[in-house]
């Protein structure tokens, strides 16, 4: 199980990387390698060129930019987990990362790699959906910004051009006091989620003022449960409201595969939406 | 005062090498001029091979040669031999080392590339053009025997490999007398080997020197040598097979594989050593596994739950070829009637071909299936009669006073299955106590009050271990005083070196560190049988004990002459023979050895054979029957269907324990393997025979994060069948696990009236059963 | 896997039948397919591009009309291709049955598709691969409907659905029964834009 | 023509330079090019963890890294865990004492992973340790001896 031969490039700047993409047919970008390397080893993916981003400076790191958090595409999952800005402003990200692979893979895996690989069961795309994150890509004709809603085109296919490079992500966070919950069901610790749910709740005067629910693993791309989000606003953060949201989740589009059915994924979504919202409400109480 | 090693928790002598990165596994061996091989394997479950064009592959830089069946030449054009011939095999289908004109499972090898590196060999494999004519594939064992089912082999008229039956007692009478007859049917799916080290081998051919040498990651090097010798039609003396450090075996490495013919042949053709290391995808597709077995049983019992008879039918998946004869179906039947005295049994097996990888024993072989079946039927009786499962078992166990107890079943090789010793009810009591069985009702009620669903399950098992004929050992004191100990038995991590060193050291009066242990190299010991079926301790143990005793006696006899003392006054301690009461009068074992291996013109003392050495083939006079009772406590999350094993308690009896630390490790590892079978490990093929589970993200091996702490307690009922009183321990953890887990899940979900007819039990299956049960309750 | 599709065209059976047997003409209706060579009266070499997430496959192989039953207007095409990078093979047996339907004709397509090799051995994507295959055939049926329809009537009238993108073969407008397909429609537009951009 | 690079790494404190194809994984480079066979390749797709090594002190799958990516970095393999005098590390000692291995194939990855983990988490619970090694598959032991060894080693190292 050895990769097919390829030509290896290790640019030191983003511009260089973009130029390489433009000038090479059938090139694959190597970020953390925790998804690409297995596919190379198994020869599922057989590119002529591999462009390694690991020697590029300036596209890793986390910055507090007021109402948003700026994250470099090459930021390692480990660093996201340990970062004080994330912990303070978007703690659900740090919590969810406990579910991303294992500590050895988080030491290498990057946020950008995960978003470009776009495995439907991956946690980070689900979180970016939750936050309506914006993705910064750089191409031969300069840069553009892609809202996450427009990022997944299809199963594991992001709307980034073959000659474009993801350089950073902007996460409009919810500030200090909000409730958050992340729950996931996988067969074993660190496995692909069968279904994962991330939820954010803003509550004032005993009423929900703002809600976000993202579901990963169920469909070919992360789902935002907007209908339930709208229904929750104005309601009290209680079991009835969450049960109603769960019922909406039961009706989502879901895929089937060799292991689990559409119906099971829908059932799980219902269970986990209720649990994620309950967790969000609970830690809101805790923090308040 | 003799140092006691037997029964002590001696730290393993293997470990210092292995924890410092100094092990020597097949892939660690590097020979001068060694080339690397990669196989082209069929992507089709069933197809005719119209033509193979290797020209593009052969032309690639770094490729030395490409071989197909035809390229091996007429001398090597025949099918592999049957390792275990048996009369019930109606269709003895064995494969060609490289497929000739038909492939019968995805993963069957049909060409091989020899290149400078494995990577280049893989590049070339992708360039081999094969014209296949695909044929219909049979995958489902339940329909494989129906008229019009696709045939696994183009030249047959049926998918029936053979039929066998275990039959004793008066079954008609048993069912006629019964107060109740209950029935159940269920599918058992056991996964694969998945030793962390895949298979792999190195071939070297030196016709003017050492002959043919094969280093291979295997459990039975001598069986491989014989099979290779027969296939090549060359004498065993010119073939050397070595199993170096082996990274786990668990059954599938006990056989003889096509690669173990092809790789040495390539070395012969290339006149250079050739290495092949199986990669993990190959392991999924070409290493033998166990997979499906369907049972449909009826149990006859009294109102009190006394089981009178068991009858029914098993459908056993064989896969595409028959490398292991009927080991698997046979060992599925022989454990019946389990730990119970059941007077009449009549269970038949249909062994069916499918277009999947050939089947082989996996830890426990068929025993886990046979025991699961019996335990399920005990569960059925308990459930239907509303009698506590522990109580039903008490009413059915074979009792100590019945030992030796002849079940009526026949073991492989024709011997009657006789339970030699053990107190099954006492063992159950120990398990129940360890599990706080009496306190469970309270735990369950408390959890239920919080909306949590707890369940408990019990299972008991017997295991026929230590099958013969023998596993010999040679013990020889060297001039240095070091003691060379050699045996044929290969180790895949069971700690044979430590166990045997302890036995010899204690008997001979030397330190375990002074023992030079070598095994699993056919050039070092004349014959070995193999490390399968929990047989090594009960065979090598006694032979090592006996050989060491003989050497001790010889040493004392010689020392008595040399020291002019009476043997009765002599003792050996730390390699030195001393006269009791005269500590300064002594001679070392090394000095005694020199007297028996003198230089030219010197004399061997009169009345002594050369060398301070002895060889013994002492073993067990029959199969010592180990036994165990397990209690599993689980929690089911009805929101997700997830099963968590909260607590797992084992009471086990493998007779006298040589090294309790090693036995404990075997039991715990075995239990976790069994939990994997019960809850996680599933090898899925689609209806075209494509394996869908071909990576470790999808084939779910048990991880530390989901496994419980396993509490183990022991009874030591010495087996009367060997000099050490030992019984096998390697598989006793695995065999009863699935039954305990499944029973616990049903107990947790009793209010939904859940009945489980398939394992591994997955969460989706459970949620469907829960929802169905809830809907029924609602009506 | 077995797939059934059906559509009607305003062309009379005879006219439709001729088009149906004109492989060079109908081949482009297969998403991602291109003919490269005619090797016999009814045999053709060609490529088909398929992309499953990050895995971009190019099947190279041969398509042959193995049966032509002019009387009953039944034709069978057998196509077989290997991924050019050795990751597997695809084979299809597609039967076209043409029957009169009012003034026009109805085409019933029965397809038997078989994927093998590593591409077929990824359980997590298995449902999706089936869905994609189904989508390809559905697209093919639609494009064929459009092609035949275009021949002597401006607007095609497929029974199931109408192509909603004239430029590129488009996926079924009718939402497929299996939810797992959602996303595939966009996916094919992306794929086609890439193929057109020579980037697949 | 194969795409090759000259690669210099510091392995277990010693600087080593060799040429390898750029497609070569770090694991194959360590084992085959540098002859450090203590690191084991169990699955080559990043799940089993047997090939785990420390790269600049952090645990990483050597099957999921190209050798060329390690150029200029510090690598620690199982061969480098014992002291210069050959004295076993507290973790190695604990694995021996608690029967934390049987066939020994997963052991190098277990040891390297836990070496890094216990350095960052000196006082873990059993639950913590079980999650920490959930990225390392062992088929033999049932994990119990490994967990006991890790907890015991942590205690030893805490007490210095």
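Note that the chains are named A, B, C and D in the order they appear, and that numbering of residues resets to 1 at the start of each chain.
By our rule, a residue touches a chain if its C-beta (ideal position, glycine included) is under 8 Å from a C-beta of that chain, and two chains touch if they have at least 3 such contacts.
Not measured: the values here are computed from a predicted model.
Contact with chain C and chain D alike is made by A, B. The busiest chain interface, judged by C-beta pairs in contact, is B-D. Averaged C-alpha coordinates put the centre of chain A at 35 Å from the centre of chain C. Chain A and chain D have CA centres that are 29 Å apart. Centre-to-centre separation between chain A and chain B, using Cα means, comes to 43 Å.
The multi-chain contact residues of chain D, meaning those touching 2 or more other chains, are 21, 23-24, 44-45, 131, 134.
Counting partners per residue, chain A has 1-5, 38, 42-43, 188-190, 192, 258-259 as the residues that reach two or more other chains.
Looking at chain B, residues 119, 126, 279-281, 684, 686, 692-693, 695, 697-698, 703, 705 sit in touch with two or more other chains.
Chain pairs that touch one another are A-B, A-C, A-D, B-C, B-D.
Interface residues of chain A, counted against chain C in their complex, comprise 4, 39, 42-46, 117-118, 121, 152-157, 159, 161-162, 192, 219-221, 253-259, 262. Note for the complex: chain B touches chain D at residues 11-12, 14-25, 27-28, 30, 119, 194-198, 245-248, 250, 279-280, 492-495, 661-662, 664-665, 668-673, 695-697, 701-705, 707, 709-710, 733. Listed in rising order, the residues of chain C touching chain B in the complex are 82, 85-86, 88-89, 91, 114-118, 120-124, 126.
Contact residues of chain D toward chain A in the complex are 2-3, 5, 21-25, 28, 44-46, 49, 52, 55, 58-61, 63-66, 68-69, 113, 117, 131-132, 134-135. Here chain C touches chain A in the complex through residues 51-55, 85-87, 118-119, 122-128, 178-180, 182-184, 186-187, 190, 194, 199, going by the rule given at the top.
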